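Think of it as A, B, C and D in the order they're written, each chain with its own count starting at 1.
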């Protein structure tokens, strides 16, 4: 694949992270958990938006980690933060009132309205799989102005009906998968972009409902050399 | 007057302060405002109870001022405190839940049930005298285990009916005046002690209602030389 | 993101006639310079909000800039009365003002509700006192235990103004010492101004430091000594003598007026005719 | 006033079978040593309370010491599942446990209510999710605006146990770094234990330091490294490798049991027969 005139191989996961990072261009602050969201937000600070304020629910506001943290409570987050607050203050003064602009969330299940399940697969009382539970997601998803969901594109994840509705989807503006980008149109997640080399049909096949497709589906810009280099440097730290 | 074999002259105000300080013997913590309560609590730390924790509503917990502070926000309070908290935390985590054992309060009017007025003299809408208002008193008086009221003994202060009920009196255990000590007995403030040289009749004359008198009225112990010396040294700092 | 501007510009951009304005500071860090600038710019018909009105609000009320006062303790701490506040309430001079009063706990929780963007907070208090009937609180029952508690409504000032020790060039602020309700006041307001003793290259967090990030503040203005005769711990001293002197200055309407006129703080209030 | 005792004595004096116990710590300062001591002493039928159960509660649940879990996020942060917790919920191994789950915001506010000795706190949340129907919250209307909000009931653990960096000889405690809900947990509890990395002559307040005075704590016990594999900022490092290793150890019942037995953490739970 070509990017900035160069040929570069990259994985779907890498592109997913890079596309997520781009959603933070021009944003003031972003709430992130661990894993890919954290990587994407750190990448955004490296490449697009050095002033982006990173907020972790552990209470670290304005953290500037050099490495992608394993947990939201890694020491480096507290040491580099502009301020560190208690968990009650985090939710009552910062998340709830909407002081943090964008939130990155993940989930085990996503429904067509972008509602999320991170509680159980199967029946609540006798679950097939007990998931970690709500954590901060429900209030983050209703407190922040915009929610970006990052999830693997599969029929296990994108389901017509959640086994448990943990988190409301009405503030979700973007769902970024390893195949493309879904955006709510008239209240229903709709395929608006596919990643280079992915077909609309592939995205539909990997969605557990009859996925709506936008009239003119975009193709995500391939990673630039700068993005890819920065991402790889970041994860190798 | 004799104290510890010595003759020492002292004022009614000095004795009032000294008697108030004695109520803090064996106590863990005391909430204080400025003026005589502050002097009494500092005296208690000097003479009776060096471990007494002083709490000011400005947020300073465990303050150890060398001089009697003019305001509850003097710099020395913050600089010597064990911890300094915000005003919301002070009331929500420390005062309201009863973490502070004793409170010293003053008031412009005290009624027979030890309810206090610090809001207005006269009608609320057209007051004769507009007083400062509630401040922390209402919640301090219902949060702390015991309330000690310190007030000048006069018919202007000890009134049968308050012009405005700012603060509830049910946790008041002791009212210390410049003439003696009142204690609630069967819910009504009763003269239980008079200061040396004061008569029961004087106390009754200076009370705005028909003051009950305990069967065996005590006489407050005169200041000891240690108490008086410490007090004078303290106020001269 | 906070803009670093002059105090004059900060006040001009944020405070309008008729606004509800909280100049907070609990005995410490009282934003006198900002309050005086507001008077110089002639703002009037203000709803002044503050737990402890103190000398600054005595001055603002005394020149007639306030139509309403929301507060919990209107005294000169350790000294006695606020005579201009009393004169306004008792005699309507230089104009009558409406008062809404609360306890400290009530006001503090009202700011907490404002900072949390909740319509109210729940507390124990007010019940069994005359305050409940004379102010804006409501009973509320605990849905678990049935206990009756008190709801206090959120404070959401149009403008909050606080003073702090330092800010960096991006408007991140640090204050230390008695923190009062300043953080809550800033977070609760629609617009906010922080005056600071000094601008520093970098905020170094310190013991007892409260950091307010620049992105929740509208304007930061340098105002060295801006909380005098109150103080900024570690930088200025509380001028206790002036707090005592104020008692005599403020007792007398003419002496008060002369004092304010000398400092250019009288004419701005626009009440020259009314008051003279 | 806090008594300085051994960890063994602190646990023996405070935790009884059947108690509700909160061993708090939000990713940082997790009181592993205290939790392990509790297992060594064979405490059982516990109601375990914690926002983020983490590996410690996975161990405690895995040996069968808990009858009930109150929590908001039961995962191995950054790694995946808590397999012992899952095995208990999904398969009832080594015993079934009751769960009551909340969001982080809900749990945090439940601790705030507990620390404030209020029966509940008000927040926005739960509405429109399936959580509301499966947990203990109630709707509550704002008496000023009519808005419907959510009331969460106070948490009042029988015992709260937290870890901190240091204490002085009077049991005054200071912790710094991510403060979590530790202060609230201590203030909300009937009895409290704080384990510390070190005893110091004098607490020197530091940036980001949270001081808990000794007179609201029952017992303080020295336990150097007592939060490992979690960490105490500035003193120990988070053992991220162990968090990853735990995934494999805990996936397998026998391997888990062997790991616990090796460290004297199995027999205490009193479930040897049930589980084997």
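Convention: contacts are C-beta pairs under 8 Å (C-beta built on N, C-alpha and C of every residue); 3 or more make two chains touch, one makes a residue touch a chain.
In this text, all values refer to a predicted model and were calculated from it rather than measured experimentally.
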| item | value |
| --- | --- |
| Count of contact steps on the shortest path from subunit B to subunit C | 1 |
| Most widely separated chain from subunit B, with each centre as the mean of CA atoms | A |
| A-D against B-D, pair bridged by the larger set of C-beta contacts | A-D |
| Centre distance in Å when subunit A and subunit D are each reduced to the mean of their C-alpha atoms | 29 |
| For subunit C paired with subunit D, centre-to-centre distance based on mean C-alpha positions, whole Å | 40 |
| Centroid distance [mean C-alpha coordinates] between subunit B and subunit A, Å | 59 |
| Junction residues of subunit C, two or more chains touched | 112, 118, 123-124, 183-184, 205, 208 |
| Multi-chain contact sites of subunit B, meaning residues that touch two or more partners | 92, 96 |
| Topology of the chain contact graph, where touching chains are joined (line, ring, star, complete, other) | other |
| Chains that touch, pairwise | A-C, A-D, B-C, B-D, C-D |
| Subunit C partner contacts - residues on subunit A that touch it in the complex | 28-29, 53, 61-62, 82-83, 92-93, 96-99 |
| Residue numbers on subunit D that touch subunit C, as the complex places them | 118-124, 138-140, 142-145, 147, 149, 151, 153, 204-209 |
| Residue numbers on subunit D that touch subunit A, as the complex places them | 26-28, 51-52, 71-75, 77-79, 81-82, 85-86, 89-90, 101-105, 108-109, 111-112, 123-126, 128-131, 134, 177-181, 183-184, 208, 210, 230-231, 233, 237-238, 240, 243 |
| Touch list for subunit A against partner subunit D, complex | 34-35, 57-60, 69-75, 77-79, 84-88, 90-92, 95-96, 119, 124, 127-139, 142-143, 164-168 |
| Touching residues on subunit D, where the partner in the complex is subunit B | 1, 112, 115-118, 172, 183-184, 187, 203, 205, 211-213, 215-216 |
